[in-house]
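The structures come next, written out as structure tokens.
After this come two complexes, each holding chain A, first together with chain B and then together with chain C.
Let's look at the complex of A and B:
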């Protein structure tokens, strides 16, 4: 098992380097001069040249790539053109906001999704089941940014229950982690985006759990458990649901990539100062180093979560052998 | 135990099952009717839309009809520069359907082939294919599509390309995991012992078993592609020349009126919800046709 984890970690590092190479090439072939967004085109040529040299943009592509990779393995993502700070610092500032929002939403979605999905399959054909399916399908089909816009219109503008944007009241500047995240003002700002993100995440565990339960319920051992005279609840949660969890875990891992996409949209709609909103702005501003850095960090996050899901799989299904 | 083989169920009877299923399953019927409506609107969008998407409207005194609430003349009201939202939503239907179906067909085809080959052969073929899939999994979808749409000229075709480039991995991985368990079943071994070749086993014995899954995934992929296109357009990286639902919402959000003008924000989103729902309901009834086990319940 340990050997397996080490092997996977090594593969992950290789993958990250490949992703970094891909993203490096993608950004370097982007139209529009990167200098245009940070150097005033009307300034004298010599000054412009000096700036190009300062950022290393005058070098050949291959040299730029070598420097990029050498810095990357030292976790040096360079400087953001726009913020004039190191990319790592900007990412460090934005990462907690993204993680808190995402994990809150996922916890909500997976707890409700799994329990409710199992229950729905058990009561297939009942009125409440079709209500549940329809409800989750509507939220699966609704674009998360649109749900966000409507939620802001309803809960912030019309009802005035929650703030519409940001994660702190405007004008507030917190210094330490605790000052920014551990207080009621932050929680008040978190509720609406987390709820909207949770609704978007909910349908996946819910529907997969339901489908997977339906598969499991036609298995012989469920019939056996029932024939033994076990109570319904015991058959449902101890025999059926545990075996039905497997596809939910796989799909959950696969879903993380998509979840980050939804996260980007929710951050934009709610002006949530996280990585997702930052990457959209960085691409718009042609801020290569920052966009690259965020892209690589998000990729690392997705890979890591996939690894966690695979390890979880082993605990859930002892039939799977790891080499 | 399946006594009748699938081959003995001919097309006509499958269609009959689908038809009788429609009569029983009201949601499926609703889905089919709604989807046909959307396809009709999409095909005849230009004739159905009363106005051009960028046409500005003036009232009797000659001033722009800014942010007017819905009326008989403008069923979904007007934008902040006096454009007819109803016409924009009608025209956006075609964009959504085109992107959705083209991307889904592309993605499902590639994904199923890769998934079946990987799951059936196993060994190094599986390892190599799954490493490639893993690589594509490591790339975050929306950020990638944003970057690619920004690099390539923003156009509808490039969005289809960007969506397809990353989405086949999902189908491949899901199909593979199903094939892995099917390949272990006794009748596959029996077929091999009986002398069936690889292609025959994959096409005749494995493919029929993954079709329900593939169809379901294809429906998800249509929805996924439509959603991705809308998201990219909403973020402002869409094709500026093509009216789409995402683009309507982008302008709505950027203008700041998404907080006030409900008649502007609601219709494009509702259109997306209804289209995706209709596709899902159709898929669900198809699933019942292809998978006899679901029919019994």
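Let's look at the complex of A and C:
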């Protein structure tokens, strides 16, 4: 098992270097150059040239790549052109907000999705099953920004239960992590966007769980569990759901990896100061270091969560042994 | 102890109603072992599942009674049935390979069954697991194995151990050895037989293999097309069967005791379509001795000797049938007849 994990981590490093190369080239081949967004286009040529030299953008592509990779292996992502701060710091500022939002939404979606999905398969053909499928698919297909706006209209404007936007009430200043995130004001702001995002995510665990359950329920060991005189609840959750959970775990682990990128639309609609909005802005501003940094970190997380999913598998399914 | 009276079971399918079991009656004494034989689709597994009320959702008992210690199980509440399952009537299911949940250890699964019906505590339950594992000849350390770590024979024995764990009144064994190779099968059958005698539990043994029944059952029921064709003491049946279908079955299986190199003769044709109404004998289409009466009227189960019943109109001609059934040509004639019947329709 340990040897397997080490092997996988080594493969991950190689993959990441390849991904970094691709990301590097991707931004360099994109039209536009970073100076355009940093300074007025009407400034003299020389000034622009000086700026390019300052950021090393006048060097050949190869030299730029060598410097980029050399810094990367030292985990140095450079400075953001726009913020003039290190990339890691910018990401560090935005990441917690996104992660908290996404993980809350995920917790909501996966808890309900798994339980409801299992229940739906068990009561196949019932009214609540079709309601569940329709409900989850509606929120999967509806544009999240529209659902978000409707939720704001209903819960913030009409009912006035939750604030419409932002992460905290204007004027509130917190310095430490605890001051910023661990208070009621933050939780009140969190509920609505997490709920809307959760509704959007719900369909995945719900439908995967349902299908996987239907498959498992035709297995002989389910009949055996019944023949043993176990209670329905026990057969459903202990025997059927436990086995049906495996594909959901994969989906969930990959989801965490992707969640770091946030849901741009949700973050925009709810003015959530997260990483998702930052990515879009970094790309439109041609802020190469920031965009590269964010993309590389997202890739690393997706790969890492993949590995976590595989390891979790070994714990959930004793038939799987890694060598 | 168990009395099945006029049991009928129907499956509702998209194409209509399938009468899987029709008017089946038998009883089972304490300590007795009863074999139910028949080919696939004859309704034998359906009977087994109906006893435990574990029919699939589209199946339902449409008539008859299942009296267990005088209580009718048909119509009992799901919770009442749940308590009877495993503790009073235990199932050894058809596919040992897949009847154990892959994510729990074998010991856990046996213990779980014990704890669902008694409150003896984990410790005593574990002790019971060790005990039943001993009875089926598995080592104690195997209790902590996962199903995939066991061989097919071991899994089958674990399932038998599971069925024994609460000393049920009846063990229903549905093709328990079909998935195993012949050598292992023989050994397991011997063990089942020995244990069954030792703890004097009753057993219903469901199989398509008539030779298995001859080895371990005291009584036999031959089913065909959802009905009982013949019911008898094993000794009497294997000495001299009465129903033409039984005669055909005897030809189709090699005898374990005399290997004379005789060629096996199979029964031509296929079982009847149970979606259609069957006016006559279920077997008439494939029976070499069928007459017009067989085609129009269903023969009742009649007594031919003490403890021996057969559902055939012509039990008095059985001596003649026996001689002719041994002849390959008799069955070839049926094949020709069936082929002729099919041709004009095309």
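Here is the rule we go by: the second predicted complex is superposed on the first by the 311 of 323 C-alpha atoms of A that agree within 3 Å, B and C clash if a C-alpha of one lies under 4 Å from a C-alpha of the other, contacts with A are read in each partner's own complex, and residues count from 1 in each chain.
We adopt the following convention: a residue touches a chain if its C-beta (ideal position, glycine included) is under 8 Å from a C-beta of that chain, and two chains touch if they have at least 3 such contacts.
Since the structure is predicted, the reported quantities are computational estimates derived from the model, not experimental observations.
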So if we stack both complexes on chain A, do chain B and chain C clash, or do they fit? fit
Which superposed partner A:16 touches (first chain B, second chain C, both, neither): first
Between chain B and chain C, whom does A:108 touch in the aligned arrangement: first, second, both, or neither? neither
Which partner reaches more residues of chain A, chain B or chain C? B
Partner chain in contact with A:65 - chain B first, chain C second, else both or neither: neither
Applying the document's definition of touch, where does A:237 land relative to chain B and chain C: first, second, both, or neither? neither
Which of chain B and chain C A:26 touches, first, second, both or neither: first
Regarding the shared-chain residue A:143, is it in contact with chain B (first), chain C (second), both, or neither? first
Pick out the closest CA atoms of chain B and chain C after fitting on chain A and give their distance in Å. 7
Doubly contacted residues of chain A, that is, touched by chain B and again by chain C: none
Using the touch rule from the top, collect the residues of chain A that touch chain B in their complex. 11, 15-16, 18-19, 22-23, 26-27, 29-31, 124-125, 130, 134, 137-138, 140-143, 145-147, 149-150, 152-153, 156-157, 164, 214, 218, 250, 254, 257-258, 260-262, 264-265, 268-269, 276, 279-280, 283-284, 291, 294-295, 298-299, 302-303, 306
In the complex, the residues of chain C that touch chain A are 52, 54, 82-87, 90-91, 93-95, 98-103, 112-113, 116-117, 146, 148, 159, 162
So in the complex, the part of chain A that touches chain C is made up of which residues? 219-221, 223-231, 234, 239, 242-243, 316-319
Chain A-facing residues of chain B, complex: 27, 131, 134-135, 137-144, 146-148, 150-151, 153, 170, 173-174, 177, 223, 227-228, 230-231, 234-237, 246, 249, 252-253, 258-260, 262, 265-266, 268-269, 272-277, 280, 293-294, 297
